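Here it is: the structure, laid out below.
A, B, C, D, E and F label the chains in the order they appear, each numbered from 1.
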Amino acid sequence: MAEETKKFMYINRKAPYGTIYAWEALEVVLIGAAFEQDVSVAFMDDGVYQLAKGQDTSGIGMKNFSPTYAALGDFEITKIYVEKESLEERGLTLDDLQHLVWEDEDEDWAEKDSIRLVSRAELGDVLAGQDVLFNF
Amino acid sequence: MKLTIQVNEGPYQHQSADSAYYFAKAALEKGHEIYRIFFYHDGVNNGTRLTTPPQDDRNIVARWSELAEQHDLDMVLCVAAAQRRGIVDDGEAERNGKDATNIAPGFRISGLGQLIEGGVQSDRLVVFGD
Amino acid sequence: MSMLHLVNKSPYESNNLSTASSIMKGGDELLLIEDGVYGAVKAGKASAMLEGCTVSVMGPDLAARGISEDKLADGINVIDYNGFVELVEKNDKVQSWL
Amino acid sequence: MKLTIQVNEGPYQHQSADSAYYFAKAALEKGHEIYRIFFYHDGVNNGTRLTTPPQDDRNIVARWSELAEQHDLDMVLCVAAAQRRGIVDDGEAERNGKDATNIAPGFRISGLGQLIEGGVQSDRLVVFGD
Amino acid sequence: MAEETKKFMYINRKAPYGTIYAWEALEVVLIGAAFEQDVSVAFMDDGVYQLAKGQDTSGIGMKNFSPTYAALGDFEITKIYVEKESLEERGLTLDDLQHLVWEDEDEDWAEKDSIRLVSRAELGDVLAGQDVLFNF
Amino acid sequence: MSMLHLVNKSPYESNNLSTASSIMKGGDELLLIEDGVYGAVKAGKASAMLEGCTVSVMGPDLAARGISEDKLADGINVIDYNGFVELVEKNDKVQSWL
């Protein structure tokens, strides 16, 4: 499998908890991290809600999987695109989302932001540059 | 062209399973190779042999099983999704202490890595869902 | 003869809140549950649809999604499952906008 | 107040089954009567005993079975929907020549008339779905 | 069960074939017809598509259940509400829908239209007058 | 590097066509399947979103829904499942807007 490296993009467009897609998509991303591909993750439309801070699921008896997003950096998933227009329409800013970081081995483990705020047009460019798009 | 097909919804409730089937059939008839069909989320419900659709309706599960047999397809049900939804083969029944199985012929249960591998090994990934 | 209207989908991906809010009568009540609670966020564009409606929202669903009560549009009641049952009692019938 | 609850979606994929459960529980705790819980469409998938959710997740099916036992609930899976989706009890297995059953404790399979009857006999019908 | 007659309303808001809700809703309406309640059926939002003329499902291998709507009159289901705004938004007129009729026993089996074209506001009034609302 | 965009939901109940059509690049193609085919009807409000896009629509899905080809917006290609496979071949990758 090491013979080729592909650009993998996981596109998240659904809110968490109302449906299971967000959670089961995250499971794919984590498993996929072992495959040594060039991985990106995008959050757009209702998918931006997945990254909301302060999720507390105790009242609905479901597992709170949101802390896992903070672990993506440890899995060397460092390119996380969040679409600006989707945030704006929903009255959100980056401050409402988790602060996701990764540590850059090449710069003495300096902590760097994983989230890249992009416009819809810029996200379109990012998608165009991918090899495989995963949808949930 | 080598294809991996992902199916995210169960049979009957959504048309996704139908569209995926007709797409797969057309691709095979045009001489393309289907590397794998991966059933995820409620898609695992495509793999139960216990369905009895009405006489005047299509049998979605049986149709998949036949296509798999004719073309030696690799049809994989995601194990984590299958456990949540109650799709069970002999191995799963033993591991999880279940007194029955319901998996249909032509399907196997395996991990999510099989989907990623499909993305790596195929020329195209086509996803059907809701 | 008042009605409880249930909306369980995000107003940003589905037309359900739009339909519900435009068909509600005076005296009717609207309850936002599951992903429907996103419609209650004041800063979101969809909250404009709530104007003139009596609106409740499921607290457990808000908390799960990380929405604190200070983010809600004005005048919205935050309730729990007991409150949900009480709304069903109080209104003659329930319309689920699925 | 006498209630009938309708559940249109299966477990895990949509929150509907969770909301319906918590609503039912709260209604019972407040002393209301649940005349019937009717599972329609993919909702019938709430009634399979073959699920094995992850250890750190809720067990939706078991939760229904327990609630039914505690409160002597009438939980009905629509027969036509159950046949399409592959939910089977002993009677259905025999009628349709199936070699296994998967229905969970506390559920029974019956006709759509049971839903209508719920509408006739109850003070409120509350529908949970997608 | 004959002790009380309730006003039952079946509300259809989803397109046919893309999902099964339309079909399984129709099955409820037909079974319900045996219960001697006061029955109405409404089609709004994408539900108006259910009544489209000329449906031919041979290419997708699914059962064409649309002829069944024409039989509703035989089941004494004669109050079929279609919402005007939903039709207009979709570029449809009543001519695009099946012509549904029933025969009035009290007027020497005169054939009458079953479909009542109503505005959203009027449909709101109709809903307000019902006892039980079925949603799919 | 062209992309095939798949939309399978009605533009009147979901935001998928709106998102897809606004993110498409020149050279990309849009395929409407299942309930997505309603977006192709010329007289419907949603057809405005297709302007400037190269659009195909699944004929079997149109027929099932009673939509005759003369009702479609101008320039739309009606295809069958073979045509679907050909579009997947022709474009480098597929994006399903679910």
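Keep in mind that, in the parts below, a residue touches a chain if its C-beta (ideal position, glycine included) is under 8 Å from a C-beta of that chain, and two chains touch if they have at least 3 such contacts.
Because the structure is predicted, anything quoted here is derived from the model rather than measured.
S.K.: Enumerate, in label order, the chains that touch chain B and chain E alike.
M.R.: D, F
S.K.: Quick one: which chains contact chain A and chain D both?
M.R.: Touching chain A as well as chain D, we find B, C.
S.K.: Look at both sides of the chain B and chain D contact and report whether the same residue positions are involved, with over half shared, or different ones.
M.R.: Same, since over half the interface numbering is common to both chains.
S.K.: On C-alpha atoms only, rotate chain A onto chain E and read off the angle in steps of 5 degrees.
M.R.: 180
S.K.: Once you find the CA centre of chain B and the CA centre of chain D, what distance in Å lies between them?
M.R.: That gives a centre separation of 25 Å.
S.K.: Between chain B and chain C, what is the gap in Å from one C-alpha centre to the other?
M.R.: So the centre of chain B lies 37 Å away from the centre of chain C.
S.K.: With chain centres defined as C-alpha means, what is the inter-centre distance between chain C and chain E in Å?
M.R.: 27
S.K.: Specify, in ascending order, the residues of chain E that touch 2 or more different other chains.
M.R.: In chain E, 13, 17-20, 45, 60, 62, 132-133, 135-136 touch at least two other chains.
S.K.: Two or more other chains touching the same residue: where does that happen in chain C?
M.R.: Those would be 8-9, 12-13, 15, 34-35, 60, 80, 93-94, 96, 98.
S.K.: Two-or-more-chain contact residues of chain D, please, as numbers and ranges.
M.R.: Each of 8, 12-13, 15, 22, 41, 54, 57, 80, 125, 127, 129-130 in chain D touches at least two other chains.
S.K.: What's the complete list of touching chain pairs for this entry?
M.R.: A-B, A-C, A-D, A-F, B-D, B-E, B-F, C-D, C-E, C-F, D-E, E-F
S.K.: Which bits of chain A are touching chain C when the two form their complex?
M.R.: These residues of chain A touch chain C: 13-19, 45-46, 49, 52-60, 62, 64, 66, 89-92, 96.
S.K.: Can you name the residues of chain F that touch chain E in the complex?
M.R.: Listed in rising order, the residues of chain F that touch chain E are 8-10, 12-13, 34-35, 38, 41-45, 47, 59-61, 63-68, 80.
S.K.: Considering the complex alone, what residue numbers of chain A touch chain F?
M.R.: Residues 11, 13, 44-45, 120-121, 123-125, 127-133, 135-136.
S.K.: Show which residues of chain E lie in contact with chain D when the two form their complex.
M.R.: 1, 4, 6, 8, 20-21, 24, 27-28, 31-32, 34-35, 37, 132-136
S.K.: Could you pull out which chain D residues touch chain E in their complex?
M.R.: By the definition above, chain D touches chain E via 6, 8, 40-41, 80-81, 111-113, 115-117, 119-121, 125, 127, 129.
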